[in-house]
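Presented sequentially are two complexes of chain A, the first with chain B as partner and the second with chain C.
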Partner chain A sequence: MARYFTIFLTFARACLVRDMTFRANFILECLTSLGWMSMNLAFYLLVFTFTSEIGKGTGWSKEPFFAFVATGLIINSVVQAFFMPSAEELTEMVRTGGLDAVLVQPLDAQFLLSMHRVDFSALANGAVGVGLLAWAMSRMDYTPPAVAWLLYPLLLLCGVAILYGLVIMLAAATILMGRNQSLYDFWFYLTNFSRYPAEIYSGPWGGPLRMICTFVIPILLVVNVPARVIAQPFTGESWGSVAAAVIAAVVALVVSRVVFQRALSRYRSASS
Partner chain B sequence: MSGSLEAVRPAGPLQGLRTWWTMLKICLEERLVYRGDFALGTLMRFLPIVTQVFLWTAVFGATSRGDIAGYTRNDIVAYYLLTMLTRAFSSMPGLAGGIARSVRDGSVKKFLIQPVDYVSFLLAARVAHKLVYYAVAAIPFALVFFLCRSYFPPVPDATTIAAFLLSLALSFLLGFFMEVTLGMLGFWFMEVSSIVFGYMLVQYLLSGHMFPIDLLKGTPTGIAGVSLADVVHWLPFEYTAYFSSAVWLGKVKGAQLVSSLAIEAGWVVVMAVACRVAWWRGTRRYSAFGG
Partner chain C sequence: MHNTDPAAAAPVAEPIIRVEGLAKEYRVFDKPEGLAASVRALFHRTSRVVQAVKGVDLTVGRGEFVALLGPNGAGKTTLLKLLSGIITPTRGTATVLGHVPWERADDFRRRFALVMGQRNQLWWDLPAAESFRLHQEIYRIDPARFEKTRDELVDLLGVRKLILQPVRELSLGERMKLELVAALLHEPEVLFLDEPTIGLDVVAQHTIHEFLRDVQRRRWMTVVLTTHYMKDVAALCERVVVITRGDILYDGSLAEIVDRFTTHKIVTLDFDEAPDRSVIARFGFPCEFRGPQVVLRIDRSRIADVLPGILGSAGVRDVSVEDVPLEEIVAELFRSDARAAAVAEASR
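On to the complex of A and B.
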C-alpha cells in the first residue's frame, strides 16, 4: 500500500511539474473551470430571485442549497482531478493497443489506469466549494452538531468512492466495447442527477427515478447525504442515510473492482 | 502553374453543384460509420432536461406565482424541449477546434491548392452532419415530444410556424458562421481551445440554453430602463437557442418578431463576411513547411 502511495505521489509530482511548465495554460484552465462554475452559481442566484426554496417544505432555502452546491463542487473536483483524466485516456488506449504497455507493468492495472494522471486545475472548483460552504454555513440559522462535522469528511469520501466506482465501471465498458465515447457522456449526464436535492424528484415519474438513483445507481447519495448532514437538522433518521452512503461506497468499490477485472480478462490487444 | 489550375477549376455552376454534392455524399458516409454511438448520444442529451424539469417543478411548487417572467411551469418544460430542437440546428460541435487543428497540423494547405472552397467544404460537411443527426435523432425527438405533448400550448398559426422554421434555418447559418470565424482565429493564435471554451461559456449563458432570456428582464444593467435581456436581444447568442423556442411559444409576436428576424439575418450576414475576411487574411499570413 505504501508503495502504491509513493508511486501515486510520483505521478502527481510529474503532473504538477508538467502543469507548472505550461503555467499560463494551467491558469487558463483554472479560470475556465471557475467560469463554468460561476455561471451555474449565477443561474442558482437567478432562480432564488423567484422562489425562497427549492421544493415546498424541503428546507432547501438559499443558504442550505448553496451548502449543497458547495458539497457537490468539492466531491466533483476531487473526482475530476484524480480519476477522470486517466479514465478519459482509456478509450484511446484500448483502441490503439496502448493498454498493452500498462498490463505488462508490475503494478495493479486498475491503479495505473485510473490514477496515473492528475489534473490539478480541477481542484480550483473544490477550493471555491470550500469557500462557498463557509459562506453558506456562516449565514445559516442552523448550527450543525459536532457529530455532523465529524461525519461530513467521511461522507465526502463516500461520495468520491461512489463516483470512482462509476468511473471504473464505465472504463470496464470501454475495454469490452472498444469505443464508447457516448458512455463517458453518459457519466456526465448521470452525475447531472446528483446536482440537485433528492426531494425535487417526486411525483409519478420522479418517485421511481429517485428510487433508481438511490438504490440501483446510488448517484443521489453522493452529494445529498453529506450536504443533508450539515445543512439540514441532524436527527435519528440521518443515521440511516449515513449508513446507506457508507454501504453504497463499499459496494461501488467492490463491484467496480470485480467488473473491471473481468473486463481486463476479456481484453484483446489491438496492437501487432 | 496557373494553366494546371485552370484545367481543374469547375467549368460552371453545374460542375460546382456536382462538387458540392460529392462533398456532401462523402461526409454523409463518414458520419454514418458510427451511427450507433450517434443514436445513443442523442438520446442521452435529453437527460439534463429531465433534471431541469424537476428543478422548475420544485421551484413552481414552492412559490405561489402562477408564472415566472411570463412562463408557466408547462411553458418552461416546453421551452427546454424546444431549445433542444433549436440547438440541434445551431450547435456545431468540434467545428472551430477542427479548423484550428487543420491550421496547426498543416492539413488546411490542401484547400489552398485544390479547387475546393474551404468554407463551402465545411458547410457541406456540416449539412451532412446535421442530416444524419436529424435522421437518427428524429425518433428519440418525436418520442420525447409526444410523451411531453401536454406541456405544449396549441400548435401556433401558419405565420408563426413559418417564422419558427425561418429562425431555425437562420440559427443554423448563424451557428455555423460564428464557429467558423472562431476557428479561423487559429491562423493567429494556433491554439484556440481556450477561446472556444470562453465562447461556449458566454454562448451557454446568453443563448437561452440554460434558462429563458425573459428571466433577465428584471436584471438591471446600470442604464435606466435597459435590462440585461434588452442587451442580450442585440447580441447574436439568443438567436441560437432562445429565439426560435420563444417564437413557437408565442412569446415573440408581431413587429417584435419581424425586427428580431431582421436582427438574426443581420448577424448571419455579419458573421459570414467576418469568416470570409478571416480566411482571406489568415491564408495570407499562413505558412507551411514540409510535405
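On to the complex of A and C.
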C-alpha cells in the first residue's frame, strides 16, 4: 500500500511539473472551473430570492442548501482531480493501443489507469467548497453534534468511492467497446442527479427516479447523505442513510473491480 | 510448408519461452459501404473470425536473439502481445520465465520489457528523466542501482543531454533511444521489441543495433524482435522465425535460411569498360548489365566450375561473390507462401 501511495505521489508530482510547464493553460482551467461554479452559485442565490426553502418542509433552506452545494463541490472536485482525467484518457488509450504499455507494468492496472493523471486545477472548486461550507455552517442556527462531524469525512469518502466505482465501470465499458467517447457526457448526465436534494424527486415521475438513483445507481447517496448529516438535524433515522452510503460505497468498489478485471481480460489491443 | 532447422530450433540454453499450439482469433464486424447499408448494419451486423495466430509452437532459450519476420498482418505483433500478456489467447499454452503471461503476475512483469516502435511510452510533455524516475518507483529499483544503470545506458546511446528535454521536443530517433533506456532500466531478462527501428535514419539504426548487441551480450538477455528491416536481422539475430498468416513458415538459423531458400549466388564483375554482351551471355546465366559492371546469378553448385572461365574473359578488373540479399529471400518466401495459399483456396 505504501508503495502505491509513493507511486501515486510520483504521478502527482509529474502532473504538477507538467501543469507548471503550461502555466497559462493551468490558470485558464482554474478560472473556467471557478467561473462555471460561480454561475451556479449565483443561480442558487437567485432561486432563494423567490423562495426560502427548496421544497416545502424539506429543511433545505438557504444555508443548509449551500452546505449541500459545498459538499457536492468537495466530492466532485476530488473525483475530477484524481480520477476523471485518467478515465478520459483511457478512451484514447484503448483506441490507439496505448493501454498495452500499462498492462506490461508490474502494478495493478486499475490503479494505474484510474490514477495516473491528476488535474490540480479541479481542486480549486474543492477549496471554494470548503470555504462555502464554513460560511454556511457559521450562519446556520443548528449546530451538528460531534458524531455528525466525525461521520462527515467518512461519508465524503463514501461519496467519492461511489463515484469512483461508476467511473471505473464506464472505463470498463470503454475497454469492451473499443471506443466510448461519450464517457464524459454520460458521467455528466448521471452525476447531474446527485447535485440536488433527494426530496425534490417526488410524485409519479420523481418517486421511481429516486428509487433508481438510490438503489440501482446509488448516485443520490453521494452528496445527500453527508450533506444531510451535517446540515440537517441528526436523528436515529440518520444512521440508516449512513449505513446505506457505506454499503453502497463498498458494493460500488467491489462490483467495479470485478467488471474492470473482466473487461481487461477481454481487451483486444489495437493494431500496430 | 513448415521448415524447421532442428539444430537452430532446439534450444541450446535453458528454455525461457515455451509456446505450444498458441492461437488467437478475433471476431471482426464488417462495415458495409454506403448510408443505407450502414443503417441496416445497426440492426444486423455480419462478422467473421480472423485467425491472427494459428497454433504456433516455439521455444526460445536464454540469451537467444530471435527475429520474427513476416509480411504485414502475419501475426508477429499479436504473438508478441500474447507473450507479454497484453492479450489472452483463444487456445494453446505459453510460459515466459516460468509464468503464464496473460495471468499478468507482478513477478513476471518485473522481469521483461516491451518496446513498441510505433508507440510512445514515455510521458509526452515531460523530460525522459521524469519517466525514468517513475519507472524506478514502479519497478522498485534500488536508487543507487537505478542511477548506475541509467547513466550506463544513456552513455551507451549518447543521449545524456536529452534526458532533461521534454519528450515532445525530441526527434523520432532520439525518442526511440530513450524508450530503450526506459525499458532496460529494470534490467529485464526478456526483451520484446516490436519494430524498434521503424522510421529511423541509418545512423540511428546503426546506433541502436550496436547498443542492443552490446547490452544483450553483457546481460545474456533473451530478445525477441519483430521487424521489416533485414539490416536489423543481419546485424542482431542468429535465429529467424518466419511467420505468415499466423503460422510459422520457417524457424532456423539466419545462415540456414540463405542456404535453404536460395539456389544461386550473385556474382558482380567489374570491367575496365562496358564488356561485349555476347561474351558474357554465352555463359548462359541470367545477367544484368550496368555499364562496366555485370551482375550474374549463378547456380551455387556451379560457382567453382564456371567462375575461372568467366574471370578468364578479357578485362575483368574486380569480382565479388555474394549471397542473395536477405530481403529478396524473405520476400520470395512470403510470395511463395501467398501463392500456395491462393492455390489451396482455389482448390477448396
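We adopt the following convention: the second predicted complex is superposed on the first by the 271 of 272 C-alpha atoms of A that agree within 3 Å, B and C clash if a C-alpha of one lies under 4 Å from a C-alpha of the other, contacts with A are read in each partner's own complex, and residues count from 1 in each chain.
Note that a residue touches a chain if its C-beta (ideal position, glycine included) is under 8 Å from a C-beta of that chain, and two chains touch if they have at least 3 such contacts.
This is a predicted model, so every value here is computed, not measured.
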So, after the overlay on chain A, do chain B and chain C clash or fit? They fit
Superposition-derived comparison: chain B or chain C, residues of chain A touched: B
So in the superposed three-chain picture, is A:Gln261 touching just chain B, just chain C, both, or none of them (first/second/both/neither)? neither
Using the touch definition from the top, say if A:Trp36 reaches chain B (first), chain C (second), both or neither. first
For A:Leu46, is the partner it touches chain B (first), chain C (second), both, or none of the two (neither)? first
Who does A:Ala101 touch here: chain B (first), chain C (second), both, or neither? second
Superposed on chain A, how close does chain B come to chain C by Cα atoms? Whole Å, please. 7
Output the chain A positions appearing in both contact lists, the one against chain B and the one against chain C. none
Help me check something: in the complex, which residues belonging to chain A touch chain B? 25, 28, 32, 35-36, 39, 42-43, 46-47, 49-56, 58, 179-182, 185-186, 189-190, 192-193, 195-196, 199-203, 206, 209
Of all residues in chain B, which touch chain A in the complex? 34, 37, 40-41, 44-45, 47-48, 50-51, 54-55, 57-59, 61-63, 65, 68-69, 194, 197-198, 201, 204-205, 210-211, 215-216, 218-219
Show me the residue ranges of chain C that touch chain A in the complex, using the header's touch definition. 26, 77, 81, 84-88, 102, 104, 106-107, 109-110, 112-114, 116, 118-119, 121, 123, 125-126, 130, 133-134, 137-140, 166, 194-195
Show which residues of chain A lie in contact with chain C when the two form their complex. 3, 6-7, 10-11, 14, 17-18, 21-22, 96-98, 100-101, 103-107, 109, 265-269, 271-272
